[in-house]
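When the chains are written out, they are named A, B, C and D in that same order, and each has its own residue count from 1.
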Amino acid sequence: MNEEGSRSPLQAAARADAERFGKPEAGWRHKTYIVIFEADTRAGKRFDQWLIALILLSVFTVVLDSVAGIRAEHGSTLRALEWVFTAIFTVEYLTRLACVRHPLRYATSFFGVIDLIAILPSYIAFFIPEAHLLIDVRILRLLRVFRVFKLTGYVAEYSALGEALRASRRKIAVFLSFVFMVVLVMGTLMYVVEGPANGYTSIPMAMYWAITTMSTVGFGDITPQTEVGRFIASAMMLLGWGVLAVPTGIVTTEMAAQRMSRPTTTRTCPECLTEGHLPDANFCRHCGVRMPRYERDPGA
Amino acid sequence: MNEEGSRSPLQAAARADAERFGKPEAGWRHKTYIVIFEADTRAGKRFDQWLIALILLSVFTVVLDSVAGIRAEHGSTLRALEWVFTAIFTVEYLTRLACVRHPLRYATSFFGVIDLIAILPSYIAFFIPEAHLLIDVRILRLLRVFRVFKLTGYVAEYSALGEALRASRRKIAVFLSFVFMVVLVMGTLMYVVEGPANGYTSIPMAMYWAITTMSTVGFGDITPQTEVGRFIASAMMLLGWGVLAVPTGIVTTEMAAQRMSRPTTTRTCPECLTEGHLPDANFCRHCGVRMPRYERDPGA
Amino acid sequence: MNEEGSRSPLQAAARADAERFGKPEAGWRHKTYIVIFEADTRAGKRFDQWLIALILLSVFTVVLDSVAGIRAEHGSTLRALEWVFTAIFTVEYLTRLACVRHPLRYATSFFGVIDLIAILPSYIAFFIPEAHLLIDVRILRLLRVFRVFKLTGYVAEYSALGEALRASRRKIAVFLSFVFMVVLVMGTLMYVVEGPANGYTSIPMAMYWAITTMSTVGFGDITPQTEVGRFIASAMMLLGWGVLAVPTGIVTTEMAAQRMSRPTTTRTCPECLTEGHLPDANFCRHCGVRMPRYERDPGA
Amino acid sequence: MNEEGSRSPLQAAARADAERFGKPEAGWRHKTYIVIFEADTRAGKRFDQWLIALILLSVFTVVLDSVAGIRAEHGSTLRALEWVFTAIFTVEYLTRLACVRHPLRYATSFFGVIDLIAILPSYIAFFIPEAHLLIDVRILRLLRVFRVFKLTGYVAEYSALGEALRASRRKIAVFLSFVFMVVLVMGTLMYVVEGPANGYTSIPMAMYWAITTMSTVGFGDITPQTEVGRFIASAMMLLGWGVLAVPTGIVTTEMAAQRMSRPTTTRTCPECLTEGHLPDANFCRHCGVRMPRYERDPGA
């Protein structure tokens, strides 16, 4: 993905952040910024690795806590661990706010919001004890799980994936709306044909069944009981087959286009200016002149 | 998707409609036509947006009315709303008929028919009170849901999708007939091996199960109970895997072909303005004039 | 698929048949051969259309006869119809044998065998009345369904599909053996982990479940009950996702290769002999010379 | 896949093995090595065929032994056969170790380990009779099934498949981590919304359900019971649809790239015998010599 002269997407993102949040010029704030927000120095890399480990551990704690058996045995240990994590993440969050020049901009950015909702639940549960109802606690635990999305900031491929999605967003929106229309009409059809007695209790329920069927998941909690219903279901399954092909086509075409624009674009013959030579070519295929060596770009 | 000099598919469709239905020359009919049928003016755009909102709202009403709980509570409100929508759509329909010169042609066009079946149900239910049997009312509600297809007229990509499908229609027909034959033979095989006692009560029922299995939906309402049956089912699942690949291949190849024919769009012959030359072309393929060198176009 | 100078695959097949079976030179046998085996004359085309209709009708009869309700009401009618069809197909079969010069070669060919097993069942059921046990009759009916494969002789795309499959047969065989190995090992693993008590009664049963899971059909008749089992099942589902991509890749690549070799291969500039011009080019893109008109090949 | 002048992947692997394990120079060890480790001679090929047959037979024995009915009838026969196989494979293993110069290197290689765990179980069961508990025996049988992976050494395509996977490993890792994150968050969401009463007893259980749903397997052992749950499930099924497209895109692009780099294989420079030039090349890219015009190669 790298071509001569360009920086990695992560470094590009780091520079954008530095401008937006306001990287300090000097002092402890500057040193802290370099460690926390950037990964060029050894300390910066260390910090990132520890943070990833902490995030994974804290999420694992939440997951373990949901298993009734484990909660019964180690519940108090897990809750203590949870407070430790909350404390660490709180310190990290406040430090981040402290060492940028425009703290509000960080607080309102994507990762800033995630950082906040990663530590809020424990405090809410602490200050509003009545919120310790079973349902609220479960919702609060949910929010902690969002910490895991901080990991995407460390991997370059996610920007590539995000870009591919952004490029196709209009096609995807049209495709989704088409699916919605088909699901609505087919669902209503089945609601009329089968009726509430056979499980299709309302049009939304029938639409849920239609999505289950067309996406080929097929739970089987609701199934057609009439012959006409089975016939319509068969047609929907074949249609789902075809519709399934469309997002596959979109994604594959996008990836193939990215792939095919790579290998032959960078080399230009100094004589006849022909482009698109194979990576291992020593001579220009058009005029036969010798060409300089090719440094292959790394990465997939 | 737009190339210099050509109109968007929506405008092309609008011009075709104007010819077919007979756009009036002057007077209130001309002004009304521009607002209702075309989207070039501000009033025309406004009208379209209101219409889309009304269509979505009316469909939402139908969906809500099917949920037993909501119908019990707000049934009368929903029915009143339904009459309001019917009235609005009736006025719109009659205005459309009134402001074209060939009303019959509009009434028999695709959207004309949808407009009609979108308002008929309420009138049928009103004038034939005995038709208020539960089944009839449900069928009438179904027809209203077809209003949602009017939305496809607003989005250009649907014509692209329609064209891709039309281009591959013979391949699709052959594929479907092949699937039908395999489903028929495999279904009969399972009917013989398993028999009605195990759920395969007839060949059509076995064919329904075969489609369920080969499309990988797998409801589980019918499952093979004999070892031979399970063996045949395993073979069918692997076959379904391969067969699933075919429509994906058709769609992906079609999209890739459309995609790859595009890098030829950026080059325009200075003489005859023809677009879409091959990247390495030196001469225009239409008029033979020499063309400037090709700079690779960025972006997808 | 057609290029200037070549005949359609159907005609090529017809010529091959004529050589193999021995097309008669003159007399009523020659006239009959032209009608039955070839489709160039109006009578030949008529014959083919009637035969297709009869095949579809007879298969439809078999399907209807399997539905208990319909058999109870119209059983005798269906059986009478079945005898009519058997008679017609017998006459057709005997005529085919009579009007070729090497009847044995036809009788042993693919379609010859299908013709025979299409009429045998009724005679077997007639001459061996004890064979009227429920199971035997069902098996006999199965054989009649094979008539439907005669229809593939009429459609050119099936040869294309057959060729694409034959070209990839080694890749397909390797893929299938790989799937078999994974299913065997995973199935054994689940048999050990879950055990017969949870439904995994033997390794073959566990392999059936493994195919159900990896092909994403997921009947649900057998499901993992232990946590380790669920973990292994999750890994298998993700693996199945990836494995599903392979046949899709094989088929798509094959279709794309066929597609991309078409548009630009046939045209050659008379001056500079450059090949691969776009279908609508009037001037050679290399030397600017005018080129003769291009007749586009029909078909998808 | 073979190009003029290069050896097949199997022979390349054989040469690598000879160097690593130490092929003996002379004597009975040399003769034995040629038969066991290489397949160039008739004896070598014979040996390989017999070994494949024995492997398949021994695995088949394990599979049959798991079916309760067959074990009851033929249990002792199967166990005797198992000892025969164990004896044969032990002799083969010891011979392999004896006829290489660095036996330890073979014992620690991939196939060396598989050979060992293919024969160990029977000995463990023999020398530690208390290990004849039902569970242990089943685990021991599992290990024997790994013999089947020895077959992959005989087929060239597996190296191709392995290479394609190795090339995309980073993309695959990123994709899997993304899936893990989505499954974690969606699973937690459903755990909160539905709760243990509806089957979602813990977050790991909910994650298992999420994988079942997003991979479109859809067992149906756990299904959403609340309307919010069904809505979230619908969103997940549509998301799964899109996510399913990604590995398909990776694999297809990889296969297409391999495929499209092949049309360059037929052209050979008369001077340096380099193959694989671009179709429109006039000069060899290796030595700069002028090359004859390109005739398009037929076939895939």
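To be clear about the criterion, contacts are C-beta pairs under 8 Å (C-beta built on N, C-alpha and C of every residue); 3 or more make two chains touch, one makes a residue touch a chain.
Remember, predicted model here, so these are calculated numbers, not experimental data.
At the chain A-chain B interface, residue numbers used by both copies make up under half of all numbers present, so the two copies contact each other through mostly different positions. Chain centres here are means of the Cα atoms, and by that rule the chain farthest away from chain C is A.
In this assembly, the C-alpha centroid of chain B lies 43 Å from the C-alpha centroid of chain D. Computed from the mean C-alpha positions, the centre of chain C lies at a distance of 31 Å from the centre of chain D.
Residues of chain C found to touch two or more other chains are 204, 216-220, 244, 248, 250, 252, 254, 256.
Across the interface of their complex, chain D is touched by residues 59, 62-63, 66-68, 135, 138-139, 141-142, 145-146, 148-149, 151-152, 155, 157-158, 161, 172, 176, 179, 204-205, 207-208, 211-212, 215-221, 244, 247-248, 250-252, 254-256, 259-260, 277-278, 280-290, 299-300 of chain A. Of all the residues in chain B, the ones that touch chain C in their complex are 167-168, 170-171, 174, 177-178, 181, 184-185, 188-189, 191-192, 195-196, 201-204, 213, 216-220, 223, 227, 230-231, 233-234, 237-238, 240-242, 244-246, 248-250, 252-253, 256-257, 264, 276-278, 280-288, 290.
By the touch rule above, chain B contacts chain D in their complex via residues 216-220, 248, 252.
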